[in-house]
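The structure appears right after this line, and notes come after that.
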Amino acid sequence: MNFALSDEQELLREAARAALSRVNTVQAARAAIEDPAALPDLWPTAVQAGWPGLLIGEERGGAGLGGFDALLVLEECGRVLASVPLLGLFPATAILDAAGDESLESVASGDLRPAYIPSRPPSDLLDGWTVEPHSGATRAPAPRATLDGDRATLEGRVAWVPDAPGAELLVVAGIDAGGAPVAVAVPAGADGVSIEPATRYDATRSLGHVTFAGARGRRLDAGADVLIGAWYLAQALIAAESVGATQTCLDVAVAYAKERHTFGRPIGSYQSIKHELTEVLRRLENARGLQYYAGWAHEAQPVELPLAASAARSAAGAALDFAARSLINVHGGIGATWEHDAPLFFRRAQLSRRLLGGTHDATDRVAEQAMSGALSGAGAGV
Amino acid sequence: MNFALSDEQELLREAARAALSRVNTVQAARAAIEDPAALPDLWPTAVQAGWPGLLIGEERGGAGLGGFDALLVLEECGRVLASVPLLGLFPATAILDAAGDESLESVASGDLRPAYIPSRPPSDLLDGWTVEPHSGATRAPAPRATLDGDRATLEGRVAWVPDAPGAELLVVAGIDAGGAPVAVAVPAGADGVSIEPATRYDATRSLGHVTFAGARGRRLDAGADVLIGAWYLAQALIAAESVGATQTCLDVAVAYAKERHTFGRPIGSYQSIKHELTEVLRRLENARGLQYYAGWAHEAQPVELPLAASAARSAAGAALDFAARSLINVHGGIGATWEHDAPLFFRRAQLSRRLLGGTHDATDRVAEQAMSGALSGAGAGV
Amino acid sequence: MDLNDTPEQAEYRAHVRDWLERHRDQAPPRSGSYEDGGYVDARRAWQGRLAEAGLAAVTWPVQYGGRGLGPIEQVTANQEISRAQVPGILDVIGIGMLGPCLIAHGSEEQKSRHLGPMLHGDEVWCQLFSEPAAGSDLAAIQSRAQVDGDGGFVLNGQKVWTTNAQFASFGLLLARTDPDVPKHKGLTMFIVPMDAPGVTVRGLRQISGEAEFNEVFLDDVRLPADAVVGGVGNGWGTALTVLMFERLTIGFGSENFGSPTHLAQAIAGDETARRDVDARRRLGDVITELLAVRFNGYRALTVLSRGQIPGPEAGLAKVTTVNAGVAAIDLAVDVLGPDALAPETEWSYLTSFLPGLKSAGGTEQILRNTIGERVLGLPTEPRLDKGVPFSELRSRERQEVRS
Amino acid sequence: MDLNDTPEQAEYRAHVRDWLERHRDQAPPRSGSYEDGGYVDARRAWQGRLAEAGLAAVTWPVQYGGRGLGPIEQVTANQEISRAQVPGILDVIGIGMLGPCLIAHGSEEQKSRHLGPMLHGDEVWCQLFSEPAAGSDLAAIQSRAQVDGDGGFVLNGQKVWTTNAQFASFGLLLARTDPDVPKHKGLTMFIVPMDAPGVTVRGLRQISGEAEFNEVFLDDVRLPADAVVGGVGNGWGTALTVLMFERLTIGFGSENFGSPTHLAQAIAGDETARRDVDARRRLGDVITELLAVRFNGYRALTVLSRGQIPGPEAGLAKVTTVNAGVAAIDLAVDVLGPDALAPETEWSYLTSFLPGLKSAGGTEQILRNTIGERVLGLPTEPRLDKGVPFSELRSRERQEVRS
């Protein structure tokens, strides 16, 4: 029993923090709302840090690390609202690595940037593999793949895909004629592929609506378990990113609560402020505990990953929403002004919890897992 | 524009309060948990106060008052947890009065106690007239009435009916072979009627499971609108009762918060206590405003009654639950002990919000009303 | 219990409705940008028309250009203006809060000089109370007004959260004239011409990117002795009058943020959401809260029409309204997805707007303190600033933060 | 990051599991009434067996009958006991909190007299700290211990919320020996034989009707001088040791109120609820919270196994667990209807039990104060009782309430 970061993991985290500290990413997040060009390109930073190969085996030029480590990197990105295309990268590399794909060396070296085109696997009230709708709650079927040996032709549309714009290789979770999942790799520049960039509210989040109209790619040797794993890895990644952002919200709010006075006392001495910030801490620590659970399950207990990653996503999305609102509240009116950092974290919170199925969907999946009996074995022991 | 109680209404409320003050009903509520016989019979009090005839026209021996007045009486009963069978009485008399039934004089005089056997009218996700299930969330169809001229024969079962035990005349909302609503009056002692008394958790609440097996009664001249009106009157009544109980929770908690000291200060001076009690007040006042809306709609704007009564029920049920929990919290451990009054209000809160469709169902009906356009006209003006 | 008009009220309503029907085609659009001078001028002119017709300042005494009627008639006028889908008055703050304060505390000269142009929209007013370090704790104001040689004053300081300052002609300003007495005692209220030398207005951008408010900087602004309203050292009492009228304005809570009807339509229009029990429950909760605000507003109005002042609990309407608004937007974005967060949508605007509104007019915490103490009679918190000279208080704070 | 046992831990687990497999048929049932003397005796005897086998007091030093192992082994033993579906020790309070305090502060005589019988269940202990007017504010204790002629003490006062008092042999009691110094300073800790003349125990019935706790009345109870633990006037420090062990016991939050598995089954078993998005979301929220408690427990345990003390934030596990429990029961009753509130059901019991638990071991408010101050470093509230003699504090309060 040892549920703490290893020395290597502490180092990985420190290195990520140092790498990201070279640019004022929070400042850039504000500037980009008005001028998207103000967003720094952090892909070179990611390549230098070795993140493209983080989840790729050493024999393919990667670092051969695990999901837990990828989560730590996302946590650091979330802390400073850094716009690094890792939500698209990591699940894509996990699929490519499982499939032993030919592209792995170029991906690991950072020469070829892949993006994961997600489909939500079945396992709750909704049947079948589905994708994000462009608008509204009614979900669309996953892209359909017509197979011909190792080749696959895709038809369909996936909306709100993180990190799709600028990606060079799309790693798609589609379905075949019978509704079974199929993994397909398609060059982003292939005929029949179009990526419509879409940014909403949080300028640091690069999104795209991806349409396949007879786009031809290669079928990857990755089954349903790999595609399910990729979906839940993505859930855990966006959770970890929210944990990082929540930590910053708490730190900034606490600092202000110690300094700002009303009625002759620092506002942090009032119970209403003190208890609200304690609630932020409670939610943050719960989300972090579940982030660790998800990272551990990804590496050591894949059968619990759907439960663990969904719980982490659910807790972290709600924690960040609560923390960002608290950050504004603690600051009074000034927290809602353009020059303050609080609105940037608020924007992050509002958009993030609606992506990749959304946090409510993750909560629903926790329930489904519990009802189908996954609970009794959760997390060793007892 | 005048949205305050009239002098007559103030008097009616004072009279109700005085009538109920003759017995220590809160004390009785505690004793009855262990010995149901400890519950005083308050029917004579009700008769003396003229409540059986409150909603019956003066020409039939009643007082010819309106729904608003009935709500005020329930509010007073709720304040002191008085066990008076008015949830069964008032909707029943409303139906009998609309139908001009032969029993009205005996009912108005208090010689014949009627009870309303409710069915939930359609108007939301669930189709058709349904009744409370005995256990679980899946609802049962309303009792089926086979018609033969003015006579009707009933088959079916309605669970958790307030005030059914001891009633002499059952005023039933059933459905005919085509699913259309039918009002039927059946003597409680008729063949084929059985009433199984059931008390759960709150000993002041007399409940019964009513079964009809070929029970014969007379068809009442009351259409769907009357039966729908009765259902929503019942919703408003239980809401008003909760408003009264919430008021007591607030009063008791505030008194204690002024008197009890920790760390050298009265606990009511701490923000956590002060803000929680302010939240009780906010919910109480909101629920009371909606109680008035429901009372006004019942008398002056029946088309808004479904919206108004559902909103009142939803707000009041949640307000009482919150207030009863606050009452316990403010008292610390002592609030959870048998000798304290807080647990009695807590018991009332927990059971009440699960009866007559439940508060969540009422909330759902508010949504349905809003989506079907009832909102734009709500409450005159604007 | 009656929501209908009395015969007199009905007559007034008919008058208002008739006037609006005849003039509504002359009204400017209901919304427009306050950065656009042309739009602001059109709104000023329209306010003048409303004033002439007796639809603005309905409760002001007749001698100052009002109608001398009660709050119910004011609400009636507002209802009819809303029904006619024309804009109301531009200077809600002046007519609703600052004008009534001048009527109560101003000199005869001040009243005759200012009330007319205020009423007709010729001179818009702004409220210069809040400061960066004096929000919830308004009496902690640091702006200084020092007596100069001529018996006049020299103003220095900074104000914030000032609505309409960018086109206001005058501001009602609270400043400290004596730092050596406890903080509520050394304050004085002034009338400040916004074009006086040394007054600088700067837009304060909000989350949404729009400048809903302004900062106002005061550098050696010279004011004559007769700029004082209500007497030197009486500024706190004068300010309380403004705050009381502010409470009445907000208290009715007739304003909903984000139309509940739009929300209901958005949910009803999505096949999945329409049948989603959770979305329905959240919608039902929002609607229930907003209905409660509306009917409690009628209760407060009834009290007011009887010549009584509604208690501070009316302020809870703001808490309910803002929080229900937040819940409503949250639900809309959950149902509609990220497209609801596109810059031009109602939902996106409100998503950004509401978090700031939570602390406008005092934070929820301060409101709950006030209501807990004044309505429920709960004991106050120990105060460390009572009776302490303001100057000493400030140096104590600085020391604490440093330590 | 590893949830598996080390080889040493695995060996210990195997030992425990083996012992339990061989002896589980001799264990009493896991639940029974504490009013039933026979059941309590069976539980005492079973505790003795566990102690002999080294499954109780795993972390106590070997010289006092413990195993001298770490917290992970203690958890391992608890896990295996739970897995074997046999009851654990009866005297959780004695072995978990009071024994460790005696080990830290007791005299050699006290240790050799008391630790053995405590460990083996021969003498159960209870904790006599809380009083009607000293709950959250524990140092406000009013029970008086006055020196008598022989150098002994005479105790008078009332204790409350005392678990196990009805069959305890001894109590560890906090009393005031000097009212004329500030409140934390005049306290002393005593060992009280529960059968001493003047000690009266009365069951305190809870909402559910059961007496989960007791009141203990002390009327002229005479104690010898060697009943003092940790020195006269040092009672507060001695009490803090007990509270620290209490926090460790509660902090792991391994205990869930109402099995989440039962809740999931109840919902899955109802055709309508199974497909109710709202019920599912509420279930998902509850499960998420309880999973977080479990994995944060592993984090805290890791800290502990490295010889460090987890911070006060571990106390948040209690907040999460209790509130998730309340939400779980609420959902179960919504789904199952009033029958879930029948007296014999798990849901009905928990509906009654949880509201009281919210304030057990300190209210949520006090916990949040502590964590806000000690973990986040937020400033404390102004304290009006600092440095004031206890006797003056009391008369001040009485005056205030009267005024």
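Note that the chains take the letters A, B, C and D in the order they are written out, and that residue 1 is the start of every chain.
Just so we're on the same page, a contact is a pair of C-beta atoms (placed from the backbone, for glycine too) under 8 Å apart; a residue touches a chain by one contact, two chains touch by 3 or more.
Small disclaimer: the values here were computed from a predicted structure and weren't measured.
Of the two chain pairs shown, A-C and B-C, the one joined by more C-beta contacts is B-C. When chain centres are set by their Cα atoms, the one at the greatest distance from chain B is A. If you average the CA atoms of chain C and of chain D, the two centres end up 52 Å from each other. Each chain gets a centre from the mean of its Cα atoms; for chain B and chain D, those two points are 42 Å apart.
Touching of two or more other chains is recorded for residues 258, 265-266, 270-273, 275, 360 of chain A.
The set of chain D residues that touch two or more partner chains comprises 276-279, 281, 365, 368, 382, 384. Across the interface of their complex, chain C is touched by residues 276-279, 281, 382, 384 of chain D.
Taken together, the chain A residues at the contact with chain D in this complex read 1-6, 9, 68, 124-125, 250, 254, 257-258, 265-266, 268-271, 273-275, 277-279, 281-282, 285-287, 289-290, 292-293, 295-296, 299-300, 307-308, 310-311, 314-315, 360, 362-372, 375-376, 378-382.
In the complex of the two chains, the chain A residues touching chain C come out as 33-34, 132-139, 160, 198, 200-201, 207, 258-259, 261-266, 270, 272-273, 325, 328-329, 332-339, 343, 346-347, 350-351, 354-355, 358, 360. Here chain D touches chain A in the complex through residues 1-6, 9, 72, 75, 79, 82-83, 254, 260-261, 264-265, 267-268, 274-275, 277, 280-281, 283-285, 287-289, 291-296, 298-299, 301-303, 305, 313, 316, 319-320, 365, 368-369, 371-373, 375-382, going by the rule given at the top.
Interface residues of chain C facing chain A in the complex, by the touch rule stated above, are 130, 132-133, 135-137, 140, 160-161, 204-207, 209, 213, 270-273, 276, 278-279, 333-343, 348, 351-352, 355-356, 358-360, 363-365, 368, 383-385, 388, 393, 396-397, 400-401.
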